[in-house]
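What follows is chain A paired twice: with chain B in the first complex and chain C in the second.
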Partner chain A sequence: MGMSRINSTKTSPSYSIIRHAKDKLGQIAVWTLLATLLVFLAIKLFQSSLGPVRSGTPPDFTLTTFSGQTYTLSELKGQIVIVNFWASWCDPCKAEAADLEMIWHDYKDRDVLLLGIDYADTKDEALTYLSTWNITYPNGPDVGTRISQSYRIRGVPETYIVTQDGLLAKSFIGPTSYENIAVILEALLDK
Partner chain B sequence: MIVNLGYTALLLALICSLYSIVSARVYINTNRYQWVDSARNAVIAVWFLLTLACLSLVYLLTNEHFEIEYVASVSSRAMPWYLKATALWGGQAGSLLFWSWLMSTYTGVVMLRDWSKERDMQPYIITASMLTLAFFISLNAFVENPFNVLWIDSFGNITASVMRPNANLMFTPKDGAGLNPLLRHPGMIIHPPMLYLGFVGFIIPYSFAIGALAVGRTDSVWIRATRRWTLVAWLFLSLGLLLGGRWAYDVLGWGGYWGWDPVEIAALMPWLTGTAFLHSVIIQEKHGMFKRWNMILIILTYALVIFGTFLTRSGVLSSVHAFAQSSIGPLFFMFITITFTISLVLLFRGWETLGSSKTLTSWLSREGLFLLNNLLFMGILVACFWGVIYPLISEIITGQKVTVGPPFYERTTGPQFAALLFLMGIVPLVAWRITTVNRLGHLIWKPTIISLVVPIISMISGVMNFAALLSLWLASLVFCVTIYEFYRGAIARSKSSGNNFYVALWLLISRNRRRYGGYIVHLGVVFMAVGIIGVEMFQTETQGTLALGERMHLGEYSLVYRDLTEFSANDGRVVTRATLTVYKNNKAIGKLEPQRDYYKDSMQRMTIPDIYSTLEGDLYVLLIDWKPVGLQQATFKVYLNPLINWIWIGGFGFILGTLVATWPDQRDRDILTNNKSFAQPL
Partner chain C sequence: MVKTWVTRQFLFSMFVTCMLFGSLGNVLAQDNSPTDDEVNAISKQLYCPVCESIPLDACGTQACIQWRDTIREKLSAGWSEEEIKQYFSNQYGVRVLAEPPIKGFNKLLWYLPPFSLLIGSLLVIRLLAKTRTNLNTLDSGISNIDNADRYVDRIENELKQWE
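Up next, the complex of A and B:
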């Protein structure tokens, strides 16, 4: 009661400031909301303008392979990890399929892991593709295309090489070859 | 040559639109009519120039000018001519040009009206609309230029620009990349234009609102003047959304028509505020209330159009609808910041004068329930907005991308849509200012009893899902009340005038076009609701691998796998097509040919369903896999989508209702030309 009486005296200068602020409260709230929204949009715009992941720590993911094993990128430190995005319907992927399998054959005993991530595909066709090309390294579907989204891939194939320390060493947009990958692997293994 | 013509026209259009803004400003300062007339002429000239630019691009597309970057990226020799022409809106640059052209059509036509009563607002209206248009044209002229030519230097590097760089030669690829296969569908020819016409149409009521705010007019002239424009924009937006649903159903091959994709929601949001606006302006016209609210709604609608366009075109969202990575983001962001800020400043400046001395007498009155209807639309909007923006926010704060799925939207918006249906059922029977419960009960008991027939029959035939029964009842309530309104009005008119019932009904509708047009749209909504309830609650599906001659069952249908053929079509596709015979209750009723297309140029594949369609529902069959060797086995996915066609039928209700409501009316013309009758309520 006492408080409300003080507040209702119009002569009090502090009251008029409060009243003024109260009148403007709605406006202030609207402006704050708009500013917040714009800040978020600006950050997001900046992030998406960076394009595909090129350096630093690559996005973490957990892949469950067609045969049921799981691999989590962040738990694979100490070995080099090659991440290859592919799909059975993708013709350029076929161009690099034999090379990738050869990389796996030559480097799997030297602490190199090759993971195939099957993008937007059906299981039957993917398995047919794997057996056609005699692929033996671990492969699994990208359920809900979550991994592809986090890597902001532009299409398939794309290949990312992650160092023993979990940093991105190199990325290939489009098909790559045995030589391209081997050069990077040798350099990393020599360190 | 044509490319220079097109680009020159584009630049001149930009200059003309900027000139119209300057000229309007000079009129405001000097009050000399020739300046505003000159601004008007410039606005009309922009339309002619953009028409020329669009025609040039269409010419380049249809004549296989692959030296143009845009032509090479969206068309190819194998495409039929009509797809080449409609590739105008198949990519970012062209669709921006097309967008600007549509907007200039609206702004150009609105300049042709009689401005004598809104002369004070006209320069501001020109400024608001032409600023927006100039922004979109400049995106084309400076960032996403559809007239860029490909050049090659002696090292084989290819660049795209208007002017030839030093020591470069023109580069003409042998063939273009072709249009994205997802867009090679008849629905794609009309879905984007409809949607864009809806989007850009709201520029007219928005500009008038800004004009009214700028000159401090608090009457409803801006609303009366733009009523039809708003209705037309709303109809196009509704049809755009519907056609998009139909396209998804026919092309995307997941058995659905609406996936709560962020871009779909971006198009739905202005529709929600636009629909709320269409209802609340009636209150302002009749009772002078809700003036602030209407301003907020139209500014919000415009803001959501721009915001949605930004989300889709800047690369912020990833979706089937999103355009590829583009550099228009930063410019777009600046434009959003500027226009939203100006709109808000004007709104707050006029806030006090827009206040109304009238207050709601009762919630149980037509204006009270209209307000409730608006609040429900806002509730749905908030849920949608949150669903779109939350993944962005959570990704920035936590680094984890969280996607908000259909269940979120269904749970949050479903009950609110049901409440809207309920309001649609009772509001026509509620009077202005105040109604007693008794009066309402007296009017509503008959239609209510009749409407119960639908849920009771459904229950007898085995539907036990409470939500389904409730929503079916709500739909049938709206239907019965609306028909009852037509009946009651016609009977009353035939008693007082002595006309027979049908003549009285005709006169009733033609003398109250806006009201009864609205009711016809409501009937369209009822049909749509029935379709949505059918698919969402009663869809069944099955999947199976069949050898030739084998049979699979779904509901009362069964399918026998007859044949699988593979052939090359002359537009660069490899088609694998299965043939199945459809049986209903063991009687052969037709054949279905679902297929899988593989586009060699873009290495994309598409699963095209085949559909056996009846009013009861669709049998929707997809060929999802087959054994390449011998083609003996194939896997099919089959959906039974009950009542789905009522969704599209509802769309015709939208068209018919809006036509009735917007049809030119002799009385309207009298009011517009005769000042004295202006004071009368419409």
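Up next, the complex of A and C:
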């Protein structure tokens, strides 16, 4: 008797409607989950394929130098900011070290600020590097590699020149020279 | 006789003295610097962002050599493995850890694969069950056709008898 009641319930139209609805909901949930996962993966792939920042407003950051001074890019509007990513273990960085110091020496009194960002480095070696190359412009570690990640750098050295209006004027991927930077600075200072 | 005894005693005391100072020398030569194995045990749990997918213990770049030296320094200073990993995580970001901590968005890395496997298995089981049901329905359909044929044969036979 009981069994036949169960069987009759299972074959009733309302039971089949509920079961059908449950199946549909399950399918919708699985497909939604898969779609979310695919969208997430697509976004991550897109972000990784973007490459370094090339134009527009560069990502803002706050750098605390080895000597304890703090610089926030968005608060430096009105002056040209050169952002240089480097590391003590990086040989190409040594090729441009003297040129960057010369740029700082020649332009620091003309509203140009040069900031060195030390990427994935150890403090002692970084300080030795700065002392070896007589670097006097502000330098600080990229704590948590947050700044380099926001600029999506591919390696070091990389140099970014930010205009007085806070826009990216030029980026150099790989080592650069005094002449390359000076041309951009002169053009921006003449405006 | 006495001379020999004195000589023996002298030689014996010299030997004991040498042994003592020799062993003392060895003790003094030892220091608290960690072994390469101890450094590598932590290094293999870290990845430097410069050389992707290569653990620190297997990487030969200058950056990784510097990082391993830092591990050695921290171990010499008495830091624990967890403290050193935390230091590297703070200094260079969570991405340097071989095993990211199970918190925040990182939970996805730990829970998504088994969850996907579970969902996938359920889908396969469900699909198999559905296929089996369809086959059964088909079988029963076939047996009904067989029955029908038998009935058709019987009717035809009876009709022949009537004729």
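Following the convention adopted for this analysis, the second predicted complex is superposed on the first by the 168 of 191 C-alpha atoms of A that agree within 3 Å, B and C clash if a C-alpha of one lies under 4 Å from a C-alpha of the other, contacts with A are read in each partner's own complex, and residues count from 1 in each chain.
The definition used in the following text is that contacts are C-beta pairs under 8 Å (C-beta built on N, C-alpha and C of every residue); 3 or more make two chains touch, one makes a residue touch a chain.
Given the structure is predicted, the values throughout are model-derived calculations rather than measurements.
**Student:** State whether chain B and chain C clash or fit side by side on chain A once the two structures are superposed.
**Tutor:** The answer is clash.
**Student:** Between chain B and chain C, whom does A:Leu167 touch in the aligned arrangement: first, second, both, or neither?
**Tutor:** In the superposition, A:Leu167 touches no partner, neither chain B nor chain C.
**Student:** By residue count, is chain A touched more by chain B or by chain C?
**Tutor:** Tallying touched residues of chain A, the top partner is B.
**Student:** When the two structures are overlaid on chain A, which partner does A:Val143 contact: first (chain B), second (chain C), both, or neither?
**Tutor:** A:Val143 sits against chain C, while chain B stays out of touch.
**Student:** Contact-wise, after the overlay, does A:Thr122 reach chain B, chain C, both or neither (first, second, both, neither)?
**Tutor:** A:Thr122: touches chain B and chain C.
**Student:** Go through the superposed model and pick first if A:Ser88 touches only chain B, second if only chain C, both, or neither.
**Tutor:** Touch status of A:Ser88: second partner only.
**Student:** Looking at A:Val30 after the superposition, I want to know if it touches chain B, chain C, both of them or none. Which is it: first, second, both, neither?
**Tutor:** both
**Student:** In the superposed arrangement, does A:Val183 touch chain B (first), chain C (second), both or neither?
**Tutor:** So A:Val183 meets neither chain B nor chain C here.
**Student:** Tell me which region of chain B runs into chain C after superposition, given the options 332-340, 620-628 or 656-664.
**Tutor:** Clashing stretch: 620-628.
**Student:** Using the superposition on A, tell me which residues of chain A are in contact with chain B and, in the other complex, with chain C.
**Tutor:** On chain A, the residues that contact chain B in one structure and chain C in the other are 30, 37, 89, 122, 125, 144, 146, 149.
**Student:** Tell me, which parts of chain B touch chain A in their complex?
**Tutor:** 310, 314-316, 318, 325, 327, 329-330, 333, 336-337, 340-341, 344, 348, 389, 392-393, 395-396, 401, 403, 598, 603, 605, 624-625, 635
**Student:** Would you mind writing out the residues of chain A in touch with chain B in their complex?
**Tutor:** 27, 30-31, 34, 37-38, 40-45, 47-49, 51, 89-92, 122, 124-125, 144, 146, 149-150
**Student:** Quick check on the complex: what are the chain A residues that touch chain C?
**Tutor:** Where chain A meets chain C, its residues are 30, 33, 37, 87-89, 120-122, 125, 141, 143-146, 149, 155.
**Student:** Along chain C, where are the residues that touch chain A in the complex?
**Tutor:** Residues 48-50, 61-63, 65-67, 69-70, 90-93, 95, 112, 116, 119, 123 of chain C touch chain A in their complex.
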